[in-house]
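Going by the order they are written in, the chains are A, B, C and D; count residues from 1 in each one.
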Amino acid sequence: MDRNWPYVATGYLLTAGVLGSYTTWLLRKLRRADRLGAAAGGAPQAAIAADAGASAGERVS
Amino acid sequence: MSAQSRSVWQTALGAVAALAVGATVVMALFVVPADGGRDAFVRGTGQGDAYRLLFLHVPSAWLAYLAFGVTALASLLWLFPRTRALHWDLLAGASAELGVIFTGLTLALGSLWGKPIWGQWWAWDARLTTTAVLFFLYLGYLALRRVGGSPEQRAMRSSIAALIAFADVPIVHFSVSWWTTLHQDGSVFNAKMQIHIQDTSMQATLLLGVAAFTVLYAYLVLRRVQLLAVEEGLAERELEAAIAQRVAAAGARPREAVSI
Amino acid sequence: MTILSDALAVAGKDLRIEARSRVTLGQILPFGVLVLLLFAFALDPQSRLLPNVAPGLFWIAVLLAAVLAVSRSFAVESEHGARDALRLSGIDGASVFLGKAGAIVLELLALEVVLLIGTFGLYNVNVRGLEVLIPTAVAATCGIAATGTVYGILAAGLRVRETLVPLLVLPVTAPVLLGATRAFDDALTGSTGDAWPWVQLLVVFAAVYVTAGIVAFESLLEEA
Amino acid sequence: MPVVSTRSAVCVLGRFPALAGADLDVAAGEIVLLSGPNGAGKTTLLRLIAGLLPLRSGSATVLGVDLRRDRRSHRRHLALVGHDTGCYDDLTVRENVRFGLRSAGADVRQADAAIERLGLAAQSGITHRRLSAGQRRRLALAVAFARAPRLLLLDEPHAGLDADGRALLDELLAAASSEGRTVILASHELERARALAHREVVVDAGLLHGGVLETIDGDVVAQGTKVEAAVS
């Protein structure tokens, strides 16, 4: 790496931070909404889908 | 498709997105050579390592445009009576949200690249300027989505706003690029954002980056729509319960005959 | 053509209200001139900077005033439920759009005349190229009024109207600011030939948004 | 063929079910009183009939138009006087009435007669801003009556009116009914309104009692016969 590495590092960390936190927020909210839905007599399969997807999503972040 | 198999698909999509993005990062940071080689960078004919930012910048920019295109398409499908369904509005909203995120990233990454190469954080480059206008256009769109009302009202309002914003994109792009070519400041714009592709690994990495971000977008937009749909469903169920409650409450009271 | 005569009735009503309430004359116009004055304070008037940037400052002042004019135009409709009365009257959405946008165009053109005189006086600019300045101003104003009216009805009746309208209108009208400023610049520096492509851009912009307004206004009036 | 006919009409304001299944029939020439506590859904019902609000479920037909398909084309034949006057502050009484007529495609020369009839002749050149609450109510009624609509929807029309104004309003409504025009009014002035109305429909928590016509037809009502509400 030449002397511009701080810019490159900032760019990559920023991207990881933004996309990672958005994904985490999204999946957490999905899980909570699904639990609420299930509590209200809603579709439990949606909750399963959310939990299954969550692990994949966290790898993304 | 059953919920079970849908969740499997989604998990797979998420995993592919994660792997592809990871692979892009590894390729971009550790595999491809510096632009023009170290000597070229020292001599000032190459961009050295700074250009590695473009492996994120270019896919982000592509995604921003794709996301806004999807928003416009979904809005059109909502407006067209034969395909009118609320999930198009949810898709438009989800896609615009991701579009704004990717537009923001594009601007930030462009600035980070511009500082070492142009010597300044911001240059009035046509594409950068257009992207900045886009960012605010869709920020306004997202603000409009949050103002309340029934789902149908929101869908009508936002789908028309989305198409108005989308119609503006070519006009903005055209006027801005015209403006910058007419009044160019010279030296600052010598370094173009394009990568001088001397190496197939660069090309492959760029393509991989675009593909990876596209898959990531697909995964995120699906999940976002899902979240919006669940929330919409909850609100809908509350409303149904409220209607039932009103009916029951009124029915419980004695109905005295009214005569005049 | 009932659409056009209905539009005239709506525009006449709006202009009559403005003539009587004097909000445009008494508040929006002074605001525009004030913006011109503040630019001079912010940029050193002693330097040769002001005459050079005068076209841009003029159009920024116009845009800010236009946002106020749009807000005012829809405040009038929501004051005593007039919007519902307008819907109930059975008047066509396209007429309402053309009428309200037309009234805003006339108000803004009047405002631009004053602001232009202000710009020439305050920024020490020589008047040249009126044959370019006038079509530029008309085309740009039509574009601004059309987008403003569409977004005005989108945000009408919302509590956040005052803050939402600028956020929606200003980015969309960015090409107008760009084009009108360049055309004015060319006109004032005497290279009128360079200005015509910009005027064409402004005409295209106005055509796109006037059409969009005519098509979409009915749905927005009814369902948004 | 009733002028207004709704079945299980559900109307939602934002996320609130303001109307939870309204069944209402109104025959031509009838004066129907909507009574019920605040928040029962009277205003919502009137706005639904006017076509200002969409139906969530159920059906509504007004002046022969199915509101599920078309909420606009019947509007030229009806007038709604709501809590707001629908007028412009900076226009005079005369200009407001004329604009109301003009925008409805009616003859603006009827404006002065309507103003005269509502007792606003002296205020004809005064702006809406300077009118008192009662005068504003009279102006709103003038705009509505000037168009001579087939269906009059009145939301608390007596509110703010003085004794003369109330008597005048009753007179106008009776006259409209005898001309075959239909009137639906929501009111808390029960004694006054009951004396005027042919039928009372109680709106309670978004539901209607006595809304459906079972035993009468338009003719009976048009003769001014008081009809007992058909209530289960």
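Rule of thumb we're sticking to: a contact is a pair of C-beta atoms (placed from the backbone, for glycine too) under 8 Å apart; a residue touches a chain by one contact, two chains touch by 3 or more.
Quick caveat, the model's predicted, so the values are computed rather than measured.
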Touch graph components, with chain B removed from consideration: A | C, D
| item | value |
| --- | --- |
| Pair of chains ranked first by number of touching C-beta pairs | A-B |
| Greatest separation from chain C - chain, by CA centre | A |
| Intercentroid distance (Cα basis), chain D paired with chain B, Å | 49 |
| Interchain centroid distance [CA atoms averaged], chain C/chain D, Å | 39 |
| Distance between chain centroids, defined by C-alpha means - chain B, chain C (Å) | 31 |
| Chain A and chain D, separation of their C-alpha mean positions in angstrom | 54 |
| Sites on chain D at which at least two other chains make contact | 54 |
| Multi-chain contact sites of chain B, meaning residues that touch two or more partners | 148-149, 152 |
| Per-residue multi-chain contacts in chain C, two or more chains | 223 |
| Every chain pair meeting the contact rule | A-B, B-C, B-D, C-D |
| Contact set on chain D toward chain B in their complex | 10, 12, 14-17, 20-21, 54, 194, 197-202, 204-207, 209-210, 226, 228-229, 231-232 |
| Residue numbers on chain B that touch chain C, as the complex places them | 133, 136-137, 139-140, 143-144, 147-149, 152-153, 156-157, 160-161, 163-165, 167-168, 171-172, 174-176, 178-179, 182 |
| Contact set on chain B toward chain A in their complex | 2-4, 6-8, 10-15, 17-18, 21, 25, 29, 34, 38, 41, 48-50, 52-53, 56-57, 60, 101, 104-105, 108-109, 112-113, 115-116, 216, 219-220, 223-224, 226-227, 230-231, 233-234, 237 |
| Chain A residues touching chain B - in the complex, by the definition given at the top | 1-2, 4-5, 7-8, 10-12, 14-15, 18-19, 22-23, 26-27, 29-30, 33-34, 36-37, 40, 42-43, 45-46, 48-50, 52-53, 55-57, 59-60 |
| Parts of chain C lying in touch with chain D, wherever the complex brings them together | 2, 6, 9-10, 13, 16-17, 20-21, 76, 79-82, 84-91, 222-223 |
